[in-house]
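Read through the structures below before going on.
Across the two complexes that follow, chain A remains constant while its partner is chain B and subsequently chain C.
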Partner chain A sequence: MRMKKRAVAVALLTAATVALTGCATSGSTGTDAAACAPSKGKVDLTFTTWIPGMEDTVAVWNKANPDIQVKVQTGPNGNGGTYQNFFNQLKAGNAPDLGQIEYDALPNFRVQDGLTDLAACDGVLDAKSDFVDWTWGQVNFGEDKSVYAIPQDAGPMAMFYRADLFKANNIAIPTTWAEYTTAAEKIRATGGYITNFSQSDINQFAGFVWQAGGKWFKNDGDKWTVDLTDPTTTKVAAYWQDLIDRDLVSTNPPWTDEWNNAYNSGSDWTWNSAAWGANSIASGAPDTAGKWAVAQSPQWKAGDKASGNWGGSSTAVFKGSKHPYEAAKFALWLNTSAESLTMLNKSANLYPAAKSGLDLPALKEGVPFYGDQAIYDEFAIASAQVSPDFVWGPTMTQTYNDVSDGFKAAVSGKGTLDEALKVGQANTIAAMTAQSIPVNK
Partner chain B sequence: MSAPAASLTDAPGRAARPSKSRDRKPRAPKVRVQHTGAILAFVLPFGILFGLFYLVPIGYAIYESLLVIKREGTFGAATEVFGGFSQYILVFQNGPFWQSIGRVLMFGVVQVPIMLGLALLFALLLDSPLLRGKRFFRLAFFVPYAVPGVIAAIMWGYLYSPNLSPFSAVTENVNFLSADLVLWSIANVVTWVYVGYNMLIIYSALLAIPTELYEAARLDGAGQMRIAWSVKIPLIMPAIVLTAIFSIIGTLQLLAEPQVFRSFSSAVTSTFTPNLTVYTTSSIPNVNLAAAFSVVLAVATFILSFTFLKFTQRKEAK
Partner chain C sequence: MSTMIPAPAQPARGIRPAQSKTPKAPLAQRESPFARGGALIVMGVFTLYFLVPIWWLLVAASKNRSQFNTTNPLWFADFSLFENIGNLVAYRDGVYLKWMLNSALYAGGGAAIGTIIAGMCGYALAKYRFPGRELIFNVVLGGVLVPATALALPLFLIFSQISLTNTFWSVFLPSLVSPFGVYLARIYASASVPDELIEAARLDGAGEVRTFFTVSVRMMVPALVTVFLFQFVAIWNNFFLPLIMLRDETLFPVTLGLYAWNSQVNQIPVLRDYVLIGALLSIIPLIIIFLLLQRFWRNGLSAGSVK
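Coming up: the complex of A and B.
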C-alpha cells in the first residue's frame, strides 16, 4: 500500500513537472523585434497546410533556395483538425515553423500566444502596399507596427449559378435578395432548389452578414464586444429562415455526397460562395461542366455594390520557430511571386491576396467549366467591394460550433437561426470569460 | 464443475478493472517473496509503460483541470494559475454535457443488452453441434470488428443517406439521420461492429467448458436447448459480465461514430456524446475545462462499471 502511494506521488510529481515546463513555455512573452535576424548556414523549415498542390509550389522555392529548404506537411482543413493539432503542438512546444491559418482563426491563435510578430523581419512591413487593403487589416489586427501573418488568398463572394437552367426556365438572374426569393419560388415550382442552406458553414453565413454591413466582433484594446445578434445579423437570419420555412432551399449537410449530388444532378441551382468555391463545384459536380456562370452577389438594396468574404487564409510563423527571418522570406515569396500565385491558382483556385496577383494572366483567362467565362473578373470586382472592417473573435472555433449546433436544429425544424445566434452569443461570451479574455457582457 | 467456474470467475475480476486498481488484491501475498530483483525485472517494462502512458497522462489531466487561465488585455498572453475546483463547477453547470451523459446512458441501456444478446446467441449457435460451417460463420461474424470504427461509420452513413443509399426506397421514407432516429442508427453501427468481438469472448468461454458436463446432462435427458440454458449460460456468466463491462465503458466513451455522423446528420451536435464534448472543448482550445470534463467522465465510467461488477458479483454469490 505504501509502495502504491509512493508510486502515485512520483507519477503526480512527474506530471506536475511536465505541466510546469509546458506552462513556462506558454507563459513566455513575444519574440523581441530585434530577434528577426538571419540564421547562419542551411535552414530547414516545416510548413503545415491543406492547400492541394502546395508541394509542387514549394518544390520550386526549394530548387531556387538551397539554403532555405521547406518541408510541406499536409493535414485536413483548419477547423477539420489542423487547428487543433496546431494548438496542441504549440502547447507541447513543437509547432511547425509555418502554418496555414484562415483569417477568421488568426485572433484565436494570437490570443493563445501562438504567432510570431514578423514586423521586424526584412521587408515585411513594406509589403503592406503589396496586398489588398482588407487582407492586411486581417493580419495586423489594425495595429500599424505588427504583422502576424502574410496574407495568401482571399474569398470574395459572388454567385455561382446554373446559366443553362435559368435560361431554359426563363428566370431572371437575381441581383437583389428580394429577387433571389422570387427566383427561389419559381425554381421550387420546377422541382429544384435555388440553393442549399449550409448548417455548418457558419463562415459562409458570416460572409452574408459581412456583405450586409454587420460586424460580429469589436476590439477596442481594453475589451472585446460580441454582437452576433445585431439588427443586421438578425435581418440576414430572418431572410434565410423564411427560405427554410417555405422549403425554398435544400438543407443537405454541406461537403457530403448528398450535397455534391444535389448540385451534380441539377437539383440545386446557385451557390453563394467564394472564389475558391470554383474548385469545389468543378470537383463535386463534374457532370455539370460548362453549364455554370458567375455573377455578383445579390444586394440588399438595388444598386448597392457590396460583397462578403468567405475564407481566405494566410501563412503564419508560429511562436517557437527558430528561423523567423527565413520563414518570413519564404512566406513573402509564396504569397507575392507571380510563379507561386499562378501555380496555387491552378492547383487550388486560390484567389491571391496580393494586388499584383490580380493581374496574373492566369486570372484573366476564361474557365471552361464556367462556359469559358473569365470568372476571376467577377471576383476582382467583388474583392474591391469587401468591407475592410470585419473583425473576427478570439474563439471562432467555439462560436462556429455553437452556432452550427443551433443551425442544425433550425434546419431540422427544431428552432430558428435567430435562436441559434442568441445561444452562440451567450456561449461565446462564456468561452471568452472562461479564458479571462476581457469582454463586455 | 467448480474448477472451470472458479478459473472463469477470476477472468472478469482481473480484466474488467484493466488498470486503475489492478494491484489491489493480488499483491498482498506476494510482498514477502525474496526475489525483489527478479520481480522488478519482470514488472519494470510494464511499470514504465503503464506509468508513462497511463499514470502520467491521468496525473497531467488532473493537474490541468485544477488550473485556470489569467491574462491581461484583449490579446494578453495566457498564464495558468491554480484555480481549485472552478473548472469542475463549470462542468457541473454545463447542461449539454449532462444531457450527453443521459443520451449515452439511454443508448447503453438499449444497445448493450441487444448486442450481448446477439453475441450470446451467435456464440451458442457456433458451439452447438447443430450448426455446419462453423469456421465460416465464426469468421463472418467477426469480420466487422476488423473494419475500423471510422470506416464502418462512413459506410453505414452512406447506406443511411436519403438519396444516395442503395436502399433509397427505404431511406427516402425513413430518415435514419433525423433527430429521432440517429442515436439508434449509431447504435446499429456499434452493434454491427462489436457483436462479433463479444461473441468471440463468449465463444472461447464456451470452449473451456469440459465436454463431460454435456455428456452428464445428456444422460440426464437434457436436449440442446436445455443444455444451453442450464449448463452453458450459467458457466459462461463471468464472460458475459466481462463483455458487459467493456460495453458500458465503450458506450460512455463513444466518439468515432458520432464524430463521423456529425458531418452528414443535422441531429448530431458538437456535444452529442460526453467524449465529443471533451473534443469540442479542447479545440477551442480550453484544455483546462476539457481536462475537467475528462476526469468527471472517467470517474463516472469507473463508478458505473464498478457498481455493475459489484451488483453481478453479489448475484453470483447468492
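Coming up: the complex of A and C.
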C-alpha cells in the first residue's frame, strides 16, 4: 500500500512541480538592474563553492560585517555536480544567493536566465578597472551595461619547462611554436618527449586557440555563431596533429599516475599550462623539485606577445536572490581585497583576476620548486597579454565531451584533431538547437 | 548477489547430500579432480579480482605522497598508514569523522527502520488476503526495477516544495524505502511462517501486531538480516541522492565528502592522500557489519520448521 501511494504521489508531485516551476520562471523574467537596492536590517546570504578554505576567508568578512552574514556551503567542483545542482535549485526556486561559476560555464547560466545582472548594484560597474581587462569580458559577455558575475581567479598560460634538461642537452628554450617543434625533435632524439598532448583537457586546447587569436563562439545579441573550425583553430590543430603523427609528444591521459610519472621521471620536459598548474607539477613530480622554470608561451610569430587562458572562475549572484546589493558587495570584497585574495591564494592557489592581486607579496616570492624563480611574475605578464575577445559557448560541457571523444580517437591513430573539431562543431550546433538556443547553422 | 539470498528451501539441505551420495558416488569421485580444480580456479580468479583493488588501496594508503607515484603500487614502501590516518582525522577539524558519523546514521538508522517497514509490508502481503493485494505486490516489484538514481531529481523537487532540502531528513527519509526488501520479506514470510502458527498465536489471544513481533519476526530473521544488509550497503554507498540534496558540508555522508575532495585534487594535492585513506577507512564499517551479521543468516535458517 505504502509503495503504491508513494509512487502515485511521486508522479503527481513531479508533474505539479514541473508545471509550477515552468510558470514561475516564465513569469518572473522582469527583474531589471534597477532593482538593486540595499535591504533593511540584518541579511543572511548563502554561498556555494568548492574552493577549499573559503570558510576561513568568509569568516573574516563575517567578523567585519555583522549585518551581512555569509554562510558557505561546499560541494564537488562545478562539472562534478555542483553546476547541475545549481540548475536544479534554480528550477526549484531555492538556489543559493551566490555561487562559484567557472568562466566557461557562465554562458550556460546566462542562457538559462539563472544570473542576476549586477550592473546597477553599488560599485559594480566602477569595479571594471580593478580587474584584468579580459576577465571582465568573461563576465559581461561584451555588454557594456551588464555584469553577470565578479571575476575571481584566472589561469593565464605560460610554459613550464625542465631548465636542467634543456641546459644539459644544449637545447634552446623555444620562444615560437616553430622552435618548439625543432626542440621537440631534438628532445625525441634523446629519448624524451617535449610535452604531453592532453586528449581530454579541451579547455587547454582552447587556451592554445585563444592565444593564436581564434574565437570559438560569437553572440551578436540575437544569435550564436559556433566556429570550432575557423582557420586559426585549424592551424593549431594541424600543428599538434603533426607532433602526434611524428611521435614527438606523449599522449598519456592527463591527471593519471602515468602522466605524473612521465613528468616525475623526466620523460616529459615541458607543460603549457596555467598559473594554477604550478602546484600540479609540484605534487605530481616531487622528485624533480628545483629543476623546473617558467617562460612565456611560444608564439606563433617571433616577437608576438600573446597568451592563452586555461580555467578561472567567478562569483555570481543567482536569479531569485533577495539581496543582490549585499551579495554584490560581498563578491567585490571577496575578489578584490588583498586580505581575501591572499588567503584564497594560500588555501587554494587561486591566481587573482584583480589587478591589485597580481602584486600580492605572496605572488612576488621565489618558488623553491622552480629553482627560486619568481614564477608568478611571468604569469602576471601572461595575464596582461590574454585577448579579451574569446567567448565561451552555452553548452561547453557537451562541446568538451564531443571534442574530447574525437581527440581520444585521434591520439590512438583513428581520425585527426581536425575531424574531432568538425564533429564537435556539428554536435554543438545540434545541442544548442535542441535547447532552443538561437544559433546560426 | 543471488548467493546471499537465503533460499527458503534450504532446511532440506541436510538430507540431500545423504541421498545423492550412494548412487552417484563413483561418478562424482571420477569427476571431482577436474570439477573441483575448475571451481577452485574460478573462485581463485574472482577472489583475486575482488581483493586486488582493496590490496592496492591498503598499500596506497600506507604510503606518503612522494612514494605514491614512484614505488611499486602493489607493495609497501615506508609504512606510514597511522601517520596518514592521524593527518586525515586532523584535517579541517575532523570533518572526515563527522562524515563517517553521518554515514553511520543514514545507513544504520535508515536500514533499521527500512527493514522493519519492509518486513511488515512483506508479511502483510504474504499473510493477509485483501482486495488489490497482487496489484500492490506487482507495483512493488515494479519499484525494484526503478533505479534509485532516477528518483533523486523528482525527490529533490518535492523536498524543495516543503523546504526540506539540505537537511538530515532529505537523505534519511528516502532511504527508508526498499521495494526489494518488501519483495524478499513477502517471499520469505509465505514460505517460512506457517499459517498454523499464526492461527495458534491468535487462539492464544495475541493481537496481530504482537503476533508479528513475537512470533513471525523470529522466523523471518534471515530474510530481515538480508534486507538490513542490502539496505545498509545501499544507503552507505548511495551517492547521487546526497549529491543533489545536500549543500552543507556537515551533513555529507562519507561518499559525497570523499568525492568532493577528489574533485579538488588538482589544486590541493594533499587531498589525494586523504581520499585514499578515507576510502580505505570507509569500507571498514561495511566489512564489520557483514562479518557480524553473517552468523544470523545461518542461525536463522533452521527457524522455519513447524514440528
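Note that the second predicted complex is superposed on the first by the 416 of 441 C-alpha atoms of A that agree within 3 Å, B and C clash if a C-alpha of one lies under 4 Å from a C-alpha of the other, contacts with A are read in each partner's own complex, and residues count from 1 in each chain.
What we mean here is this: a contact is a pair of C-beta atoms (placed from the backbone, for glycine too) under 8 Å apart; a residue touches a chain by one contact, two chains touch by 3 or more.
Being a predicted model, the structure only gives us computed values, none of them experimental.
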> Thinking of the overlay built on chain A, is A:K91 touched by chain B (first), by chain C (second), by both, or by neither?
Replying inline: both
> Where does A:W255 make contact in the superposed view: on chain B (first), on chain C (second), on both, or on neither?
Replying inline: both
> Of the partners chain B and chain C, which touch A:D113 in the superposed model: first, second, both, neither?
Replying inline: first
>> If we overlay the two complexes on their shared chain A, which of chain B and chain C does A:A64 touch? Say first, second, both or neither.
In response: neither
> Of chain B and chain C, which one touches more of chain A's residues?
Replying inline: B
> Of the two partner chains, chain B (first) and chain C (second), which one does A:N279 touch, if any: first, second, both, or neither?
Replying inline: second
> Is there a shared patch on chain A that both chain B and chain C touch, and which residues make it up?
Replying inline: 4, 7, 10, 14, 18, 84, 88, 91, 255, 257, 261
>> List the residues on chain A that touch chain C in their complex, please.
In response: 1-4, 6-7, 10, 13-14, 17-18, 21, 46, 48, 50, 52, 73-77, 80-81, 84-85, 88-89, 91-94, 96, 255, 257, 260-261, 264, 276, 279-280, 282-287, 348-349
> Can you list the residues on chain A that touch chain B in the complex?
Replying inline: 4, 7-8, 10-12, 14-16, 18-19, 23, 26-30, 83-84, 87-88, 91, 107, 110-113, 141, 199-200, 219, 221-224, 251, 253, 255-258, 261, 394-395, 397-398, 401-402, 404-405, 408-409, 411-412, 414, 431, 434-438
> Inside the complex, what are the residues of chain B that reach chain A?
Replying inline: 23, 51, 55-60, 62-64, 68-71, 73-75, 77-80, 90, 158, 161-164, 178-179, 263-271, 280, 282-287, 289
> For the complex, which residues does chain C have touching chain A?
Replying inline: 65-66, 69-70, 73, 117, 121, 135-136, 139-140, 142-143, 151, 153-158, 160-161, 163, 165-166, 177, 179, 182, 243-244, 246-249, 256, 259-260, 262-272
